[in-house]
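Below are two complexes that have chain A in common, paired first with chain B and then with chain C.
Moving on to the complex of A and B:
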């Protein structure tokens, strides 16, 4: 009898740890929020939440693109620079009317994504290399377009509205990002394109032999990532109220990668977690906010953040 | 008795993987351990080598009860396993690999290279292996690499050597080298546990055979006292291997129509496929035979468009494949099953449903949205038709046994609705029961009028299944024969007569 009980206990232990691994990002997020509610003064203030969501919106967009690229066992390092390029294009075309300017900014992002996708799919350059060169090139182009200077944008019109409008405490940009995430999850889970992306990540040779359009899929994936980065650039520009090629999107690619991986999209590909990615972003943003609100100097904050990321990844090691 | 287990048992949660296993091994004995996939062989090996700890019973070494908390502890006690996958470092030299982790020291800080080379050379020579210990491991064939890992465990002091399907990756000549090594181990008084799916091999090498089924020992006898029929029956748990339908092929009418199902003309790819031509009728099973490296896989891949042939023409029915690539071939009704299930077949970590329907997504989707219902319906059809054992469409492919994974991949090929299927060694590494089912499936396909091109690593198998055989030698067609009433020796005769093709 006691043997049987041990056996049952042993049997149930496995799913439990698997559960902890699979939900590490949610546990970490909940734990951090709880901690902040207790120790961080003013954390309950709606203004804090609003500001946090404003910061999160662009990062959610690029983290979605990133998780798709990582899901195909690739990576997109260019997203931060592409945001800057989108911002710079908005800056120089603002005189053509804000609608046109927005469209051109997003279009610049999409173009970068398409270039990246073609480099990877047609010339078969490793995504790490192609997106790294784009990281350098897009930032350089952004700075060249604006002569390295910051261009302030008008205080009225749709861009300014995006930078400040909220529904209760939730910024419009965050709402758009969440709608985008919903569509993204649908594409990943239910469409042929999403399936092909995951197949390409799980085993590229098997996907090719199964007759799947592997290269077209990769081109699409990086194109979409560029498009999302273009929109993210718009959001960040709107929030800042200025086009600034030296500030927008700097090192955002790293946060996007961290968010995707913490959220349960393994670097080895073949799996994408949309909800996990969103919580990965929120986790990183809350972490940043906690450091700032507790007056932890940014030098230490960086190290603490790194330690936290390592901890979160440790919890889900092999949990894929 | 060198090694002994008494009433050994192992539970994983509520599942009993091994029950009441009593097993023994004397010095100088080669003891074959057999059973279908999932019979408990791996679990037994993992208990003996300290990966797992038993939940019941005991393990005795030299008559003394022992327990290992790690593979390292088992190795220290003298029990080591050699697996199909080589767990060594390909970039380092053979000597480095043999001494990995216990390099002899000089002045307590430097590696004594000279001594390592000397001792490695001695060990290799003792087992009749002509390998230079200085050359990097990766420069050796897979077979010799495996011999190096055997040399390694023996030089670590292993007295019990467990070989887990040592020959599954080996070519003909390499198998003989392995046999030589096993004989030498036997002479030196090592005990060997030999795990293999190949019956002929076990009969040749083993002194005793023990068969596991469902985690229990169902048969254990001296090799001479155990007939093949009894052995297979013990493994399958029923009167298996029914060769009754073996020659039903005779009853099957191969329609000799003017239009072949598949015709290949002058196909060439690099030096691996040279001017290969043949045609295949509806309802015919055509075997591609030849030694390892004769170009069987390459021929299939060049036909399928996985490799782009430099010359030649492939026609499926009356349609010529103009832009050779897998998607085009599938559209024209040509399907292909790779011999390399693990890296070219399955999508690990994905569900049975995703794996099975991977080639037909456009057909079962509307406006780019995949119909979950159609997917599940396809899974249900093939689970029934091919007898796939799975927890359900959501089950992970990696949780299936090798044979069932293979059936899922065959189903993937079949749901593209092909006229011709090319199966590259479809029974590789799957157990006897699944093998028989795959054979049945292949015959059924031909009965339904499909053209089948088939290879196998075992000549007997391909002879038994096919109506006609094309023998390849160094990428070129060396000869052709109808298989009825022929023996594998006839294939050898063709190969012996074949001249090396002009480069």
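Moving on to the complex of A and C:
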């Protein structure tokens, strides 16, 4: 409590750091891209950009859901496993036609999100705990559905189209993700629902006292996160050309949290930065690519990611 | 604060409801474990075989050590996600240290774990960053470190006595089976009979109140993460001794499994409530699930995740219900 007051006092004395903090993700992204343009061979190649954006599309979707959950002072650890579940459902229902299969896959993600939302809103279980349980359960269900095996998908039809189609160098999946981000930002900034979500994060008690439908809002937030994870699972499956419960979405929840936090959505809730989250995702993806393209093991990229997360969090703390 | 509130209405009813609920919360996992064992024993002829039960306990000992540390941390109201990666790093460091003798192979990973716990704990206690994020960053960094140090795996050429520690036996009982109850007994002693344990409960119950009581909250937090880290490192060393190699993916998923085991065992993730015996029951229950699924030939290992996930979800829902009925 007193720490927070001193931090606020310190922040007001140093307005310059606040500016750097607010734009740190963009500075880091620009710096990294600049470095890559100079150092990394072949980074300018459109194929590289295309592949980067293909990798980013599903992560952007789940990072959006994540930033909304974090904005309400919660968290959604289940997103990576929900992606796997969506992928597994697509895998087992592919015989019913690709359209049905896509709908069922996304529906599975939405159902997971609704279950998570009900656990949090109705049973009042801490989001960390409920989504952790779903992380284990949804991955397990995905593996059980496919018997732990990988199912290859047909080379034609809408799923394979999603996995390869581009508008010049920009993949269709990335376009969809950006449109989703635009809608997301609109809902968060311009609608009552978005305001409810942010108020619930800023002060749960005040939101309750003001008579806002806090629980319904939370149910919506986690339902949306599940829905986005379902679509992300579809994108990842399409890109891979196969439904693979052991591979799809593994540790994506960590990247999504990292992207949201690095992008300037504080874990203490009450604020959401959509553009920051997108650049957080791009930063992580470019970071991975930079290491791989320079023939340095991506394990070092992982260590650097960890440093970025702690750094971002430390700066948020200074400005909290 | 809540304890006084709990007892008052219960007494009026002449039925100590809070106590019954508390008992279910603390001992439910043991009951479930007993029922599951009887059910499995009736269903599978080989289940209650001494050898099979010994296998379950031995296989659970690695996760068990990690779960002891996790129990401390969670009762304190914290969270340690770094333990899985620490087990991986522990196996790798043990493989590096093994040529210098079994002592080094045990001490180096444990010390490394304590050092990581020190950094985690210091960041959490001093800068007040969320334990979840700090240990998440440690998870990523350590996973990278394990791969950077060992690639996929490295073999311990001459394990010698180091191998005997994990694979030998004492008076006909496998060492791994002895390690688990001994470690949990020590853990229970520390938790229930020392000032350190009392401080952990106090911080988990109400951090501000603990501070006002004069407990050095920051120091206890750092120490607790050190204990958790050290036990994870030790678990890695034993795993390396058991497998005669350091494997960079060895501890993958231990962070979630240990949390799952502890939560199933009745330790509340909100802090302040939990028992070592419950945590042990949780660990054994997860081990039993895996064992039973392996016995059902037609079910593949793919169902292990589903079963433990379902158990965890059920435990969390029941705990939430119990906590609420305790409060009302």
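By our rule, the second predicted complex is superposed on the first by the 291 of 320 C-alpha atoms of A that agree within 3 Å, B and C clash if a C-alpha of one lies under 4 Å from a C-alpha of the other, contacts with A are read in each partner's own complex, and residues count from 1 in each chain.
The definition used in the following text is that contacts are C-beta pairs under 8 Å (C-beta built on N, C-alpha and C of every residue); 3 or more make two chains touch, one makes a residue touch a chain.
Computed from a predicted structure; not experimentally measured.
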Touched partner set for A:227, first chain B, second chain C, both or neither: neither
Partner chain in contact with A:218 - chain B first, chain C second, else both or neither: neither
Which partner, chain B or chain C, touches more chain A residues: C
Which superposed partner A:210 touches (first chain B, second chain C, both, neither): first
Partner chain in contact with A:306 - chain B first, chain C second, else both or neither: second
First (chain B), second (chain C), both or neither touched by A:254: second
Which superposed partner A:85 touches (first chain B, second chain C, both, neither): neither
Touching partner for A:63 - first (chain B), second (chain C), both, neither: neither
Which superposed partner A:138 touches (first chain B, second chain C, both, neither): second
Those residues of chain A which chain B touches in one complex and chain C touches in the other: none
Contact footprint of chain A on chain C as seen in their complex: 79, 123, 127-130, 132-134, 136-141, 143-145, 147-148, 256, 259-260, 263, 269-270, 300-310, 312-313, 316-317, 320-321, 324
Chain C contact footprint on chain A (complex, rising order): 3, 75, 119, 123-126, 128-130, 132-141, 143-144, 146-148, 245, 254, 257, 261, 267, 297, 299-303, 305-307, 309-310, 313-314, 317
Contact footprint of chain A on chain B as seen in their complex: 11-15, 55, 304, 306, 326-327, 329-331, 336, 338, 343-350, 354, 358-359, 361-362, 365, 368-370, 372, 412, 416
For the chain A and chain B complex, residues of the former touching the latter: 7-8, 10-12, 14, 190-193, 195-196, 198-199, 202-203, 205-213, 270-271, 320
